[in-house]
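The first chain written gets the first letter, and so on, giving A, B, C and D; residue counts start at 1 in each chain.
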Amino acid sequence: MASLNDYLLVSGLLFAIGLAGVIIRSNIIVIFMCLELMLAAASLTLVAFSRFNVSSNGLPDYDGQVFVFFIITVAAAEVAVGLAIIVALYRARQTINVEDLTSMRG
Amino acid sequence: MDQFLFYLFGFLALGGGLLLVGFRNPVSSALSMVVSFIGLAGLFIGLNAYFVGIVQILVYAGAIMVLFIFIIMLLDLNNEKPFQFRSATILGGLAIPLLFAIQVLGVIQKGPAEHSEKFPLITEETLQQAADGFALKSDGELLPASEQTAIYRSLAHQDSPKLPDTNLIGETIFKHYNMPLQIMGVLLLVATVGVVVLSKRSSKNANKQN
Amino acid sequence: MHTIAWLILGLPLLSATCIHLGFKRNQGLSTLIATSSALITLILSLVILGNGKDTSTAFSWVGAMGEHFKGIEIGLRIDQLSRGMLIVVTGVGFLVHLFSLTYMKDDRAKARYFCGLSLFMFSMTGIVLASNFIMMFIFWELVGLSSYLLIGHWYQKPSAADASKKAFLTNRIGDFGFMIGILMLWGITGTVTFSELELWSATPAPFNSTYLGIALLCIFAGAVGKSAQAPLHVWLPDAMEGPTPVSALIHAATMVAAGVYMLARFFTSVDLEIIAFAPQTIAWIGGITSLLAALMATQQDDIKKILAYSTLSQLGYMVMAVGLLNAQAGVFHLFTHAWFKALLFLGSGAVIYACHHEQNIWKMGGLRKKMPLTFLTFTIGTLALMGFPLTAGFFSKEQILEAALHQSTPLFVMAAIVATLTTFYMGRLLLVAFLGENRSKNSHHAKEVGALMLIPLVTLSVLAVISGYPFVASALSPLYDHVDFHFGPAFWASLTALVVGGGFAFTFYRNAETDPLSDKKIALVFRNKFYVDELYAQIVRFGQDCVAAIVHFIDELIIGGLIVGGCSRAAEGFGKLFGRLQSGNLHGYATLFGLGVILLIYITVFVP
Amino acid sequence: MSLLFVLIPLLGALAIFLGSKAKSTAIATSTINCILGLGSVFCWRADVWSMKVEILSSPSLHLAFGFHDGMSVIMLVMSVLVLVSATFSGKCPEGREMLWYGSILLMGAGGIGAFLSTDLFFFYAFHELALIPTFIMIGVLGTGDRKEAAWKITIYLALGSIILLAGLIWLVSASGSENWLYSSLLASSIDEDSQKGIAALLLIGFGVLVSLFPFHSWAAPAYASAPAPISMLHAGILKKFGLYGLIRLYPMVSSGMQCWLHWLIVLLLFNIIWVGFVTINQKRLDHMLGNSSVMHMGYIFLAFAALIEAGSLEGNPLAKPAAVTLMFAHGISIALLFSLTDVIRRKTGTVEFVELGGLAKTAPRLAFLFGLAGMASIGLPGLANFSGEVLVFLSGFHSYQGQELGTLQIATIIALWGVVISAVYMLRAYRSTFHGETVKATSEQTVHDLGPFCQIPAAILCLALLVVGLYPKSLLGHLAEPESKTPLGQTAK
């Protein structure tokens, strides 16, 4: 069985990869996927801690897992809305390349 | 064996992630994301979080990936223009995650020693012990058989006691997180309505353009 | 009795309001309203005089607050002083209204003029009847306003507009002191009402006499402004830009005497023997003013300016008398002076009117034949001003000289010199303007003025003669102390002054075509009024306008530019900086986010 | 009843934003409000009117309105008068009626709401509500350098408001009161150290809002470039908010204020003399008026300083009436002046002194009204400002008993010189605008006298100035009711 640190390391690396994707890629859908990846990395941390923090009766602390459950739910909703926005955006601008979408320039 | 599975799934998750970032074609990216998530789900299961692992596969691989692919197809983005390497972006994109990873390492280094100990396995004794806690009434008496919960029965199963984590999560959610659950339901509703509105408006715009 | 008093105060206000609100279009009706209100107030004043009872009435204007402040009252105080002064104000006022009917006949803004006159009558009666200092201050400012309006009647003339502004501002400086004085007096005595001041003076609580003296001098500053004493005398000659009847009423007979009246009020209410330094200062300021003004008058060419400087000089006399703690003499001179100076001004008005608004005496000449009646009355006025024996001016001037003789020899000498100079410049005026040959077309075409103008002239000339006699003065004069006449040094001094001054005037100016003295250096100084106006202009320019410009510059630079501007520029700079970050580029945001996360972790974990 | 005064303009604004005819709605609501407000003066009896209306009541916040004492009534009357004349003033650009009249009503409602709130939180919030339309109107519909002016006023007032809010929060927390009700704060006591800090924050916060030196430089440019009703409402009503607040909150931090007395005196003298000189040097009518309004705030602060010196409201019974009277008078007169300046700007197209002259000939009614307002603002007796100023000076000398002159007395004497200064700039302005020969901009071909519609606001305000000036008791009578007798929170709800 692996240790908590191992899981945290995997989670951190996964997060870093996601971040790298967000920064490097310019296709907004891929960026969105990378965001999902970062979210999932966070979930991994939560589950790892849930397993690590054994509660008084010897079972894992399920609060963390409930949290992950909620995260997954919200992520689903988020993806639905996000993709709808992307579709709308594409219809309006004919592009989903973030380098072309700079109308927020201050 | 445990260790091997950890490395396997960990490798799957990280490798999928790297491929996700690396593939030029978004469809390939989507597929590699699924690979990554399957690896993640494996890690979850390795942590005895069976329910979350399954949900992860169901939701991400089943629903979200389909959505992504659907949208990619809808927008017909296959012929995307090739990667434009802007050195500053690449530099930032590499340096920052690298820094982050180093920091994660540092954090792990600083963490207490017990974090580096291997998790104790959940054995039958553990389950038995836990079962006792579910068998008692509040005043300390043993519950009669008719009132024994599924959790107890599963934990204290004669032949093969199992960790009933779905039941336990369910209990936690409905006992302690009832209100957030309700709110989550509303959130999903709002998201549904939002998506409808968003797509509707865009169709109207399309009509106008025509 | 009280009703009549309130009526005297209220009628002119009513008239002014009616004219302004209703009848501005109808010029004839406006003049009628104003003149009849003046007549009625004169009659009512005579009624009050005939009644002869001392009384007072008041209503609360601002209620009492706390123990110390007993409120402000608008009250009327009728006693000998105010009764006599009322006669002067309403009497001269009515005659000036009458005179104005002809003088202002062709003016397009006649209604506005009469509205101003009514407003003035209201304010002036307010001062006369005031029962306390704050009420007096209120009306004090209001006469300033009406004077401003009337001097600036022909506001399109830049000189008139400037003169009115100058008059108001100079008076404001005086009022600055006046208000301080009132406040200090209130602090020391706990009251500003004259009757209560009398009570306080009878049994004064222990107090610091120095501060009372300072308070008195501050109050005197108000009189310096209003009665045009040095160093605030500069506005009065300029005020001659107003219509001549206005000069007669406001700038000769009544308003400028208000300062003397106020001082007399104060001096008769409070016993001031203990703080001698303040009255002495007042007397010296009066004396110096009268001397300077008389010197300036000798070289003026404008008939009204000469009279204006003579007014200054005579006001200096009155102030000196009051300062010598002989308020009776000062007020008596005020009383006689009001009649003969109003006469002189109205006479000059008649001359100016006849000469088609020519005011330079060197362009007149020979008017004696053209306007015999005017000449006669003007001569009577001049004699009264010179203090010719048996005219009114003789009696009052005599009393002042007596007072000066008893108190201070230098002041007596000064007063005698002033008397000489008075005879000299008035003789010059009479000789140049009325005798000799016609020196211009305007004077050639002059002819005697109409009856409406002559009635006031004749009435005033009668008063200019008889008002000095005890039987008239004791009945009419605001304050009168009968002094038995005797052939003392005062008499000889004034007689000498008459002879010497008259002699010089006759030698220099008989049949003169131009001023024989004008090329003397000293005459130039007199002609230019000792360069006081120039000095003040410089003071205003450097002491005020330059300071204002510098202050404004500093205000903009340091407060607006560096402190505030610095803040706003810093905010703007930060805004620009962060605006740069706001590139609209998702990559940029993501990079920043990553950096932020790293920083956060670093701070929370690695910083001890 | 007190609720009505806030509600009517708010509903009017709402109706305008919902699309009712802007101009007539604004005029109708402000007129009704004015009539009711004036009616309230005549009916003012402390026992009846001090009843408060509570709309929203939670343990910590009370949205309630009521009259604390006569001061609220007087401020209300001032506000309704200025509001009604502001709706008649100025010329709305074509097509912007909704913004224009809606903003006017909102500002009026905000000011009135602040004066009538019994809860400090809403007291603050209503003022903020009124500031928003101010900023917008200056930025959108202003003239001249409007962007910069709008920014300046926004930065300043926002800063002042934040400091003020900090002071208020500190005040509430230091008092130990669990709500923000004025009455419960008044009943609590605050320790000396906190009082000192609170007093400083309040003085700076309110000071910025009232343009106390050296936080004054926002005022003139903002008033100059704001549309006429906005400068009328801000200078007339909203600026008084700060002074009103200081006097209102003073009893809670009386000993804390004492520490800052000398600082305040120095600053207020700068307000009078320094800004006075700045005003003399102005070359434009609107800038001059803006600065003069800053300068006159110094006198009201002088009354406040007299209050601080006395240590309590009872110690110097003159100070509060003096400040209130002068606030009233200044509000009315400056509103009138801004209104008329806008008329001049519209008729001649300029407000530069060098380009004006001789207007008295072509527009005598305008000249008369402007002269009256100008004379009022320099404190001519018979007009309201004089009664305020004379009371201020008397309050400055209230503690003087014939001994050596104290700091306050010397300050009063220096402040008196400000009367001369204000006469200088006002008469110079009048001389160069109305007197002298007519010039191109003021010739008879271009300029016509005031029409009847323009005279309405001026007439209302002039009348108020005259009534109070000729008989100040009509105003001061409302202040006679001692505050301690009718503490607001204790009456029936």
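Note that in this section a contact is a pair of C-beta atoms (placed from the backbone, for glycine too) under 8 Å apart; a residue touches a chain by one contact, two chains touch by 3 or more.
The structure presented is a predicted model; accordingly, all values stated were derived computationally and were not measured.
Engineer: Quick check on the contact graph: shortest path length from subunit B to subunit D, in steps?
Structural biologist: Tracing touching chains, the least step count from subunit B to subunit D comes to 2.
Engineer: Among the chains here, which has the CA centroid at the largest distance from subunit C's centroid?
Structural biologist: B
Engineer: Pick the pair with more C-beta contacts: A-B or A-C?
Structural biologist: If we tally the contacting C-beta pairs, A-B comes out ahead.
Engineer: Using mean CA coordinates as chain centres, what's the gap between subunit A and subunit B in Å?
Structural biologist: 9
Engineer: Could you put a whole-Å number on the gap between the CA centroids of subunit A and subunit C?
Structural biologist: Subunit A and subunit C have C-alpha centres separated by 89 Å.
Engineer: Where the centres are mean C-alpha positions, what is the separation of subunit B from subunit C, in Å?
Structural biologist: From the centre of subunit B to the centre of subunit C is 96 Å.
Engineer: Quick one: subunit A and subunit D, Cα centre-to-centre, how many Å?
Structural biologist: Comparing mean C-alpha positions, subunit D is 56 Å from subunit A.
Engineer: Two or more other chains touching the same residue: where does that happen in subunit C?
Structural biologist: Residue numbers touching two or more other chains: 587, 591, 594.
Engineer: By residue number and range, which residues of subunit B touch two or more other chains?
Structural biologist: If we look for residues of subunit B contacting two or more partner chains, we find 89, 92-93, 96-97, 100, 107.
Engineer: Scan subunit A for residues touching two or more other chains and write them down.
Structural biologist: Each of 19, 23-24, 26, 99 in subunit A touches at least two other chains.
Engineer: Which pairs of chains touch one another in this structure?
Structural biologist: A-B, A-C, B-C, C-D
Engineer: Over in the complex, which subunit C residues touch subunit B? Could you list them?
Structural biologist: Spelled out, the residues of subunit C in touch with subunit B are 587, 591, 594-595, 597-598, 601-602, 605-606.
Engineer: Tell me, which parts of subunit C touch subunit A in their complex?
Structural biologist: Per the stated touch rule, the residues are 578-587, 590-591, 594.
Engineer: Taking the complex as given, what residues does subunit B use to touch subunit A?
Structural biologist: 2-3, 6, 10, 13-14, 17-18, 20-21, 26, 29-30, 33, 36-37, 40, 43-44, 46-49, 51-52, 55-56, 59-60, 63-64, 67-68, 71-72, 74-75, 77, 80-81, 84, 89-90, 92-94, 96-98, 100-101, 104-105, 107-108, 111, 115-122, 126-127, 129-130, 133-134, 163, 165, 168-169, 171-173, 176-177, 180, 184, 187-188, 191-192, 194-195, 198-199, 201-202, 205-206
Engineer: In their shared complex, at which residues does subunit B touch subunit C?
Structural biologist: Residues 89, 92-93, 96-97, 99-100, 103, 106-107, 110 of subunit B touch subunit C in their complex.
Engineer: Where on subunit C does subunit D make contact in their complex?
Structural biologist: That would be residues 20, 60-63, 65-66, 68-69, 72, 134, 137-139, 141-142, 145, 152, 155-156, 158, 161-162, 164-165, 168-169, 172-173, 175-176, 179-180, 183-184, 186-189, 207-208, 211-212, 544-545, 547-549, 551-552, 555-556, 559-560, 563-564, 567-568, 571 of subunit C.
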